[in-house]
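Below, subunit A partners subunit B and then partners subunit C, in two separate complexes.
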Partner chain A sequence: MRIHFKTSYDHDIRLFQDGWQAFLYAALLALMIALPWLIDDFFLGEATNVLIWSTCGLGLMLLTGQTGQASLGHSAFMAMGCYACVLLMEAGLPFILAFPLGGIITGLIGALIAIPALKLHGVYLAIATLALAILTDDLIVMLEPWTGGVAGKFAPPIYVFGIEINRWSNPTAWYYMALVVVLVVTLFYRNLLRAPMGRAFAAVRDSEISAQAMGVNIARTKTIAFGISAGITGLGGALMGLFAEVFNNETFTFILSIQLLMMIVVGGLGFIHGAFLGAIVIAFLPQVLSIATDSLGSTVAIPGLETGVFGLIMILFILFEPMGLYGRWLKIRTFLELFPFARKDMFRRQKSYLKTERLR
Partner chain B sequence: MSLLTLDNVTLKFGGLTAVNKLSMTVNEGEVFALVGPNGAGKSTVFNLISRFYTPVEGKITFDGKDLLKLAPDEVPSLGIARTFQNIELFDQATVLDNLLVGRHRHRKTTLVEQMLHLPSVRREEREHREAVEEVIDFLDLQPYRNKRIAGLPYGVRKVVEMGRALASKPRLLLLDEPASGLSVEETQNMRWWIDDIRRQMGITVLMVEHDMGLVSKVCDRVLALADGAKLAEGTPQEVQNHPAVIEAYLGTGDAA
Partner chain C sequence: MEVLQLLISGMANGCVYGLVALGFVLIYKATEAVNFAQGDFMMLGAFVTLGLVNPEFMGLNFWVALPIVFVIMGIFGYLLDLFVLRAVFGQNQVAIIILTIALGFILRFVAGLIWGHEPLSLHSPLALGDLRMGELVLGMADVAIIIVTFLLTLLLWQFFQRTKVGLAMQAASQNQMAAYYMGIPVKRIQGLVWALAGIVAAVAGILYASKGAIDPNAGFIGIKAFAAAVIGGFGSLPGALMGGLIVGIIEPFAARYLPAGWSQIAPYALLIGVLLFRPHGLFAQVRVKKV
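Up next, the complex of A and B:
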C-alpha cells in the first residue's frame, strides 16, 4: 500500500496522485497508441467502437453518475449530434469545425430541454427523457428534407488536415481520431471534477437541500450538467453515425439509451473508468454471444438473446455489485493492498441516518 | 449591533401555525440559542432564515438587507451558513470535497475556465484548499481528510458538517442541534469549538439545542419557543427559571 505524504495543495489538485500512477496511465496510453500494430483491422474496428461507446458513456456518466439524474433519452442527443455534425459538413464546414460545433449545438439543445425536464425527479425524469428519445425517432422521419428520413443519410467523407479518414481504407486513422476525441473528453471531465462545478454536481446528487444551503443553484447546476452531458453524448453520436457510414431514424432508437444506461451501471456509476469498462462489455458482448452460440452448434440466430443477456447482466449487477466492474476492482485492490487486514464490510453501503425529505 | 432581525414573522402550513408572530434579534458577535420542546418551531425558524420557507407575514433582515428577496441559494452569499438537524452531507464524496463545497460561494472562475483547468482555476483551488485546511486544523479532522462520508461515525459527520459551514467563512453560523447524538466528550469539544468560533473567528452563532448544560455554558442569550411563539428571552439562567418555560416543559405546578 502506498502512503501519500502530501506536501502541497497541488497534491490533491493534479491529475495523478504520484509518479507511479502517472506511469501506469502513460503505459496505457502507449498501449492504445501502439494498438494498430498489435491487432488486425477487424479488432481495430471493434476497439474504435469501444472508444465511441466510451465517449457516449462519459456523457451519460456525467449526468447520472456525477449529478444523479437518470436519463433514458440520450439516444436523442446521439442523433442530434450526428445530424448536426453531418449537416454542418454538408453545408461546407470542414469536419474539424463541424464536429465540435455539432457537440456544442447538441449541448445547447440539451440544456434547453433540461430546463423543464429537470423539475422532475428520479423515475419521472427517466420517463420524460424516454419520451424524448421516442419522439426523436419520429422527428427524424418528419424532418425528411434535412435528415433523409427513413431512407437515411450517407456520411460524407471526413478530411482532417487534408488526410482522408475512412474506416475501410484507413482504419488506423479512424481509430486515432476516436482516441483523440475520447482523451479530450476525459480530460475535460476530469477538469470539471476537480473544480467547483464538479463538486456542485456531486452536491446536487447527494443532497439537494444542503447544496442549496451552501449556495449551489440547483436548477442552474442541473441544467449545466444536462447540457454538458448532452454535448459529450452528441460527440459520441456523431462518431457513431460517421463510423456506421449510413444512418437513419433506426440507428438511434431508444434502445441505445437503455444500453447506455446499462453500460454505465455495469461499468460503475460515478467513475470515469466505469464508462470505459462498460463500453468494453457493450461492444464485445454481441461478439462473445455469437461465438458462444456458434460453438454450441446453433446455426440460427436466437431472437432476443442479446437483449435478454444484457438485461440479465444488468439485474445481476444491480443486485450483487451496485458499484459495477470498477467498484469490484476497487474492492479487489483494497483487499490486496491491506492484506490480511481488509474487512468484508469495508465497502458496505451504510444506511444513512434519516434524511429530511420534508422540504422536497 | 443587530445582525439578524426577525420582525413579527408568521408561518402557516395550512391550518397549523408553525411560527406565530415571532420577533427576535441576534446581535453581532454573540451566541444565541433557540430552545423549546419538540415541535416548537425551532428548526422551522432556521428554514425560514435559509429561505426554504417563506413566511406569510413579517420581515427577516440580515445586516440591513431584506432576506425575503433572496432565493435559498443566494442566502449563503451574504455570509450565512448552516448545519442540519439530521446531517445533510454529501455522502459519496470525501470530507475534503464536502468542505470544499462550503467554498462554493467564493468561486470566481467560469465553467469554460474550469473545463480547461486554466491557471486561474488552479490558483483559486489553492486558495480554497488553504481555507479548508484551516478548518481541518481547527476541528482536528486530519485523520478523516480523504475518507468518504459514507463510512464515518456519526460524531465525526456532525463535526464535518459544522466544518463545511465554517469553510464558507460566514458571518452568521446556524447550528441545528450541534450536540444531539454526541457523547459527553464530543459535546465538551463542541462547547470549546463554539466558544472559539465566536472568539477567534468572530462569527455570530445562532443555535438550536436541547442540551441546557451546553446552552448555559456557551450562550449569551436564549429564546424559548413553544408552539411557534416566544415564551421568554434572556440569559440562560433567566430563561431556565422563567415560569412560562417551566410550564411548557413540565406542565403547571398546580395540577401536580
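Up next, the complex of A and C:
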C-alpha cells in the first residue's frame, strides 16, 4: 500500500499521483510505441481498430460518463466528422489540416444541436439523439451530390509530411497516426477534467440543482460538453471512415452509436480507462467468437451471434458489475492494496429511491 | 378516393405503432423504465404465434393458440421484470436504456436461431385479402387491425377504470410511495404491468404479422413506435395511440406527396419538432413540483 502525504491542494489534481504511477504510464506508452515490432500486420490492424474505437469512446465518455447525458446519436457525429474531413481533403486541404478542422466543424454542429437538446432530460434526450442518428443515415442518402449516397465514397490517399499513410502498404504508419490522435485526445481529456470546466461537468452529472447552486451555468456547461464530445467523436469517426477506406450511410448506422454506448458501459462509465477497455472488448469480440465457433467445428457463421453475445455480456455487466471492467479492476486493486483490511461493502452500490422524471 | 385509401392503410400501420407505443407507455408509467425492447417483444409475440399456428411448426388452430400466446408472453414479461429489471430498479436511466437495448439484441438473436432469418408469413384468419368498392381497394387486414385495436383500447380502458388490479396499476404509476402505503404490492403490480405490456406486444405482433411477413428484424419498428410514444407524450396512454396514428398516417402521405426519401425522415423530423416545441409531447402529463 502506498501512502500519499498531501502537502498542497495541487496534489489532488496532479496528472500522476506519484512517480510509480507516472512510470507505469510511461511503460505503457513505450509498449505501445514498440508494438509494431512485437506483433504482425494483422494484429497491428486490430490494434489500430482498438485505438480508433477508443477515440470515439472517449468522445461519448465525456458526455455520458462525465456529464451524465445519455446519447444514442453519436454515430451521427462520427459520420459528420468523417464526411467533413474527406470533403475538406477533396477540396485540396492537406490531411493534417482537414482532420482537425473536421473535428472542429463536428464540434460546432454538436454544440448547435445541443442548444435545443438541452431542454431534454434522460430518456427524452436519448430518444432525440437516436432520432438524430437515424435522420443522419437518411440525410447521407439524400445529400448524394456531396456524400456519394448509397454508393459511398472512397477515402482519398493520406499524406502526412510527404509520407503516404496507407493501411496496406505501411500499416505501421497508420498505427502511429491513430496512436498520436488517441494520445492527444486522452491528454486533452485528462487535462480538461483537471480544469474548472471538467469539475463543472462532474457537478452537472451528479446533481444539476446543486451544480446550479454552486454557480455552474448548466446550459453553457452542457453545450460545451456536447460540443467537445461531438468533436472528439468526429475525429474518431474520420479515422474509422479512412481506415475502412470505403464508407457510405451504412457505415454509420444508429447501431454504431448503440455499440458505442454499450462499449463505454462495459469498460466502465466515467473512467478514461473504461473507454480503452471497452474498445478492446468490442474490437476483439468478433475474432474471439469466430475462433470459438471454428473450434466447435461449426463451419457456417451463425448470423447475429455477435450482437446476441454482446447483448448478453451487457446484461451481465449491468446486473453484476455496473462499474464495468475498470470498476472491477479498481475493486481488485483496492483489495490487494489494503490486503487484510479490505471490506466487502467499500464499493457497495448506493440504493436510491427512484427519482421521478414526471415531477421536476 | 386515393386519400381515403392512404388514410386507411396509414391508420392500420399506425395502430400497430400505437400498440407498441402503448406497451412503452404502460411500462414507463408504472416503473419509469423505458423498454427499448418493446419492438422486439412484438416480434417475439408474432413469432410465438407463428410457431404455434403455422402448419410447418405446431399447426394449432389460431383461436386455440391465441390464449396460449398471451399466457406465454405474459409470463415472459413477468419473469423478465422479476429477474432482470427489478435488479436495476432505481439505478440511473442509462443503465436501464442499455439493459433493454441489450435484451432486444438477445431476443432478436434467439428468434433468429429458432425461426430463421427468412421472412415468414403467419397463417392468420385476419389475412383475408382485399375488399373492392369501386376504385377503393382496402386490405381486409387493415380494416381488421383498426377494429381490433379499437376493441383492445376499449378493453384496456375498462380494465384501468373498473378492475382492482387496473386501479392499483394507476395508483402505483402515479405515486409509488403513496401506493405502497395504501397496501398495494407495488413490486408485484409492476411485474403485472410488464406482463400486460407483453400481452399488448403479442397483439401488436399478431396484427403486424397479419399484414405481411415477419422476420427477426421486425422489432426495429419499435423505433417508430418510440417516436409515436414521444409525440403523444410519454406518460399518456391515449397519447401513445394518437402518436402512433399520427406517425402511421404521415408516412404514406409523405411517401405519396413529398419527394423521395422524405417518408423515412418524416416521423423523426416530427419527433424532433415535437421535442423542441413541446418537450413532453402533445398530451403531456408533467407537472412542475411545488416546493
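One rule holds for everything that comes next: the second predicted complex is superposed on the first by the 348 of 360 C-alpha atoms of A that agree within 3 Å, B and C clash if a C-alpha of one lies under 4 Å from a C-alpha of the other, contacts with A are read in each partner's own complex, and residues count from 1 in each chain.
Rule of thumb we're sticking to: contacts are C-beta pairs under 8 Å (C-beta built on N, C-alpha and C of every residue); 3 or more make two chains touch, one makes a residue touch a chain.
Note that the structure is a prediction, hence the values are computed from the model and not measured.
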item	value
Side-by-side fit of subunit B and subunit C on subunit A, or clash	fit
Partner chain in contact with A:Ala70 - subunit B first, subunit C second, else both or neither	second
Partner chain in contact with A:Gly19 - subunit B first, subunit C second, else both or neither	neither
In the superposition, subunit B vs subunit C on subunit A residues touched	C
Subunit B versus subunit C as contact partner of A:Ile258, first or second or both or neither	second
Partner chain(s) touched by A:Ala131 [first = subunit B, second = subunit C, both, neither]	second
Subunit B versus subunit C as contact partner of A:Thr307, first or second or both or neither	second
Spatial angle subunit C-subunit A-subunit B, Cα centroids [nearest 10 degrees]	80
Contacts of A:Leu120 with subunit B and subunit C, given as first, second, both or neither	second
First (subunit B), second (subunit C), both or neither touched by A:Gly92	neither
Minimal inter-chain CA distance - subunit C and subunit B, angstrom	6
Subunit B/subunit C common contact set on subunit A	349, 352-354, 356, 359
Residues of subunit A defined as touching subunit C within the complex	64, 68, 70, 72, 116, 119-120, 122-124, 126-128, 130-132, 134-135, 138-139, 141-142, 258, 261-262, 265, 269, 302-305, 307-308, 310-312, 314-315, 318-319, 322, 349, 351-354, 356-360
Subunit A-facing residues of subunit B, complex	47, 50, 52, 71-77, 81-82, 84-93, 96-97, 100-105, 107, 109, 111, 114-117, 121-122, 125-126, 128-130, 133, 150-151, 154, 157, 164, 168
Partner subunit A, residues of subunit C touching it in the complex	28, 32, 34, 84, 87-95, 97-99, 101-106, 108-110, 112-113, 117, 176-177, 216, 223, 226-227, 230, 234-235, 261, 264-265, 268-269, 271-272, 275-276, 279-280, 285-289
Of all residues in subunit A, those that touch subunit B in their complex	9-10, 12-13, 188, 191-192, 194-200, 202-203, 205-207, 209-218, 224, 270, 346, 349-350, 352-356, 359
